Amino acid sequence: MTPEDRGVRIATTSAVPNIDSESQLKALLSGMSGVDAVGVEGRCAKLATRSIKKSSKMSAIDLAISMVDLTTLEGADTPGRVTSLCTKALRPDPSDLTVPSCAAVCVYPDLVAHARSVLGNSRVAVASVATAFPSGRASLKVKLLDVADAVSAGADEVDMVIDRGAFLSGRLGQVFEEIVAVKAACGEAHLKVILETGELVTYDNVRRASWLAMLAGADFIKTSTGKVTVNATPPAALVMLEAARDFAESTGRIVGVKVAGGIRTTKQAISYLVIVNETAGSLWLTPELFRFGASSLLNDLLMQRLKQQRGAYVRPDEFSGD
Amino acid sequence: MSEERLDVRKTYKLLINGAFPRSESGRSYKVETATGEFLANVAQGSRKDVRDAVVAARGVQQKWWGATPYNRGQVIYRLAEMAESRRAELREHVMLCEGLELEVADRLVSRTIDTMIWYAGWTDKITQVLGGANPVAGPFFNFSLPVPSGVIGIVSSQDSSFEGFVDAALAPIAAGNTVVALASERRPTPAVLLGEMTATSDFPPGVLNVITGVTSELAPVLCAHEDVDGVDLTGVAPEDVDELNVVAAGSIKRVFRLRDVDDDALRRIRAFVETSTVWHTIGQ
Amino acid sequence: MGESLANSQLGAFAYDPAPESTSVVNLHASYGLFIDGEFTEPSSHEHFVTLNPANEELLATIAQSSEADIDRAVRSARRAYDTVWSKTSGAERAKYLFRIARLIQERSRELAVLETLDNGKPIRESRDVDIPLAAAHFFYYAGWADKLDYAGFGVNPRPLGVAGQIIPWNFPLLMAAWKLAPALAAGNTCVLKPAESTSLSALALAEILQQADLPPGVVNIVTGDGASGSALVEHDGVDKIAFTGSTEVGRLIQQRTASSQKHLTLELGGKGANIVFEDAPIDEMIEGIIDGIFFNQGHVCCAGSRLLVQESIADEVLRRLVRRVDQLRVGDPMDKNTDIGAINSAAQLSRIEELTAYGEREGATRYTSSCVLPEKGYWFAPTIFADVAQSHRIAREEIFGPVLSVLTFRTPEEAVVKANNTKYGLACGVWSEKGSRTLWVAQRLRAGVIWANTYNRFDPTSPFGGMRESGFGREGGRHGLEGYLDV
């Protein structure tokens, strides 16, 4: 075996299989190996003991900052708040220019245009949730209009939700077709498909939904909306990263992973990076392929960064609120 | 005038794999009653006979253990039925071999048949009595089951030709082991009779093999045989026990020796069962 | 084909060293024997050295017990049995054991560091496995001390008397706990002999016993080499020998105790089969295989050292295993991120080297991790052998190191036959999502422990021990009391 064989090996000549029927999709997904819950949780517990110190901690913090989709998804969102968020995403710590900017700002469709106007042509992308986020309970027609709205307002990325009801009741073809249609509606925009792993409940479902979304054309698969009781968990993320890794190996197409909901601390963020590092590997350790959907996480990363530099803890007021 | 009928004497043979061969060596030896009268010529088993019996016992062990405990109980119960129907013969042999009054021998045979019933009832209880679930600190279903050690060599009591033999042989058999048993050297015929009865009580061939012969010659063969998992040295002369222990250690055998007649049956059963513990993850 | 490859390197993000501080450990220059509640000089005044296998540095010198010292320890245990321990109620014995459990928990960090220094195992394992489990064993058996009537061995089961206990170097403190806790709960007194290369945590435990005010002589800890162990095995005043170690030594002990009335339990070697079916949960199964053989550098009697993989997925499993092995972090055991530490001794290292050389000579295909090994200390890079035949030495003999032999099978029946084709019978693994088949296989495996969709799990409530030449007797659970009661 060559050294390349000892990593994740992605042959760019292979192709994503065409899915022509629901029965073909079902056969493909049900033929996948199951996930043992105890095993995957045990693996995460072990990875969580990794101790990331000194310079590796510094670079992990910077990497994590660059992977943040700085998010606000509240009914009370205002243009002012979005402006503040965009400014912060561009330059998270105005006093330190070495701090990288975030990956994106994530908002509802009606605020996309405003975010676009603030961010201009900067490196920070505008992401919009769409498809009747967060429940996904609308007709396909409405969902597609929602997407078209966001894209025409300037969204670079669209975060859609899958129809969990359809998935859980076995209407996989419907879920697949919806993603295909949304992908088409996205045009140039990148599509992130939210699985809402907390509602899929089992890891078997998480693995199958991940494959379904990737087969249907997702550019990213994302854990959660952040709006339900169970959001991103390390085991769900691990299963999704394994799926992205295996999908890349077998089809040559590389799909990103986004974890969202409940990630507030540097410690959590670093433990996700450890999972990426030891499961999918170096290729995914970039904002192009791994994201954190979060809001308060950014300030904790900045605080920890200063703490690393100063050797003492800093007060929270050092950084702006949302 | 009716002429006195000449009785038809019986040849006492070995029991190996359900068949009754004479010893492959062709040898036999004279067995006397407790009062020194000729009782029978009995096959004198050889090393090769012991080896054949071990092969037979090994061959059927999975099948015997694989049968349902309910079925194993019925087979042993059937043996008790057979013994009951031949109790006169058993009583006579026990009386002659052990030099007992008829009445005493009768009580002994009754008690021994009751012992068979006792073991018949054990087959589907052992797992519950010796096994169980273990409350481990984690998301695992964990249970321990008693499983048979495998092939057991028995050097049966030299004195208790019937009761001792039945007790020693049936405890491991009830637990799913198969047995190669050396009968009492001087008093072998009750064990041979028991062997014959197994042939008519649905015992799969090889579950119980009975070898008659010279203990000091055959016991070391049993103890040294690496495919024997455990030995019961109850019938070995005290001065020979240490040496056989050493031989048995060669393949880390389980060694049992009856301490006193009050030893309970559970100790006998425990002697040749292993605890197998299975863990399985619990998750959605 | 013009195939262009992208390669995603695993573990490319480097972790800075994160060494656990050793300042919590206060090593003495020299250790005596723990007899009758006190540390005493050996009669011969002889000492031997104990090294840190990760860097070959001297840790301390340890007393070498002579026959006279063993005699002194056994007499002390007998005296304690006659005058104190046999008169101490179960409820009181329980409280001593609970105390010991708590003291181990309190000093767990120190004990973990000490264990890693002396043994070479990664601090993550000593911290997360060895020490917590040792405390848990005392805690579990404490509760039995006043409930022996309910243990299923009849009413008022009696202890055996003085137990001589000989333990190996792979889990030093944990093995001491496995031996001492049930023995003391059942009412015996003990003479414990740790392995020559790993005495330190047992001696720290002696200090804990002092802190617990355990009456003098109830536990005596005698250090030394094989000769000390022999003297203990052959001592007339010992009622019971409990041994964990190699099958070769176990056989000798069974022979040497043959002519005595000593009770005996043996926990010996193994060559565990880890059986992998094509419907196994693949990612967890790969982790389980890795854990099964590389946990504790493979210095585990129940290690899953033979991988039996269904032919239909053999190539995929091997590819993933090789990839995973390359990712294991081998090095400084004190680093919290180390997966694989040092081989415990030079002697063990040369045995592993000898057997793996055989593997290559016999035609197996070798994959060894490309990890860089430290220059000083005893190290062996994790290794997988593919194309192994049942007849190869590496498929039959216990290597007791980080070396996995991979064999294939086609049907469940064949898997069982191959798994059972060994003189050992300690542990096996079964990986499948099909419950009925898992149970079918489990029923047919001749092994004392069977892990389904997991491997190398231990718990004080769960009986552990072997069949056939892996020994007899159980440690853990209700079953673990049997070896220390006259039943």
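Going by the order they are written in, the chains are A, B and C; count residues from 1 in each one.
Basically, contacts are C-beta pairs under 8 Å (C-beta built on N, C-alpha and C of every residue); 3 or more make two chains touch, one makes a residue touch a chain.
Keep in mind that this is a model prediction, so the values were computed, not measured.
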Farthest-lying chain, centroid of Cα atoms versus that of subunit C: A
Chain whose averaged C-alpha position falls nearest the assembly-wide average: C
Centre-to-centre distance between subunit B and subunit A (centres being mean Cα positions), rounded to whole Å: 69
Gap in Å, rounded to a whole number, between the CA centres of subunit C and subunit B: 37
Distance from the mean Cα position of subunit C to that of subunit A, given in whole angstrom: 43
Per-residue multi-chain contacts in subunit C, two or more chains: 453-454
Where subunit B touches two or more other chains, by residue: 138, 140, 281
Multi-chain contact sites of subunit A, meaning residues that touch two or more partners: 36, 38-39
Complex interface listing, subunit B residues touching subunit A: 138-140, 281-284
Touch list for subunit B against partner subunit C, complex: 62, 129-130, 132, 134-138, 140, 142, 144, 149-150, 229, 242-243, 245-246, 248-252, 254, 264, 267, 270, 274-281
Residues on subunit A engaged by subunit C in the complex (per definition of touch): 1, 3-13, 33-36, 38-40, 42-43, 49-57, 59-60, 239, 242, 245, 248, 254, 273, 277-285
In the complex, subunit C residues that touch subunit A: 1-18, 124, 128, 279-285, 287-288, 319, 322-323, 326-327, 336-337, 367, 370, 433, 453-454
Of subunit A, residues touching subunit B in the complex: 36-39, 41, 201-203
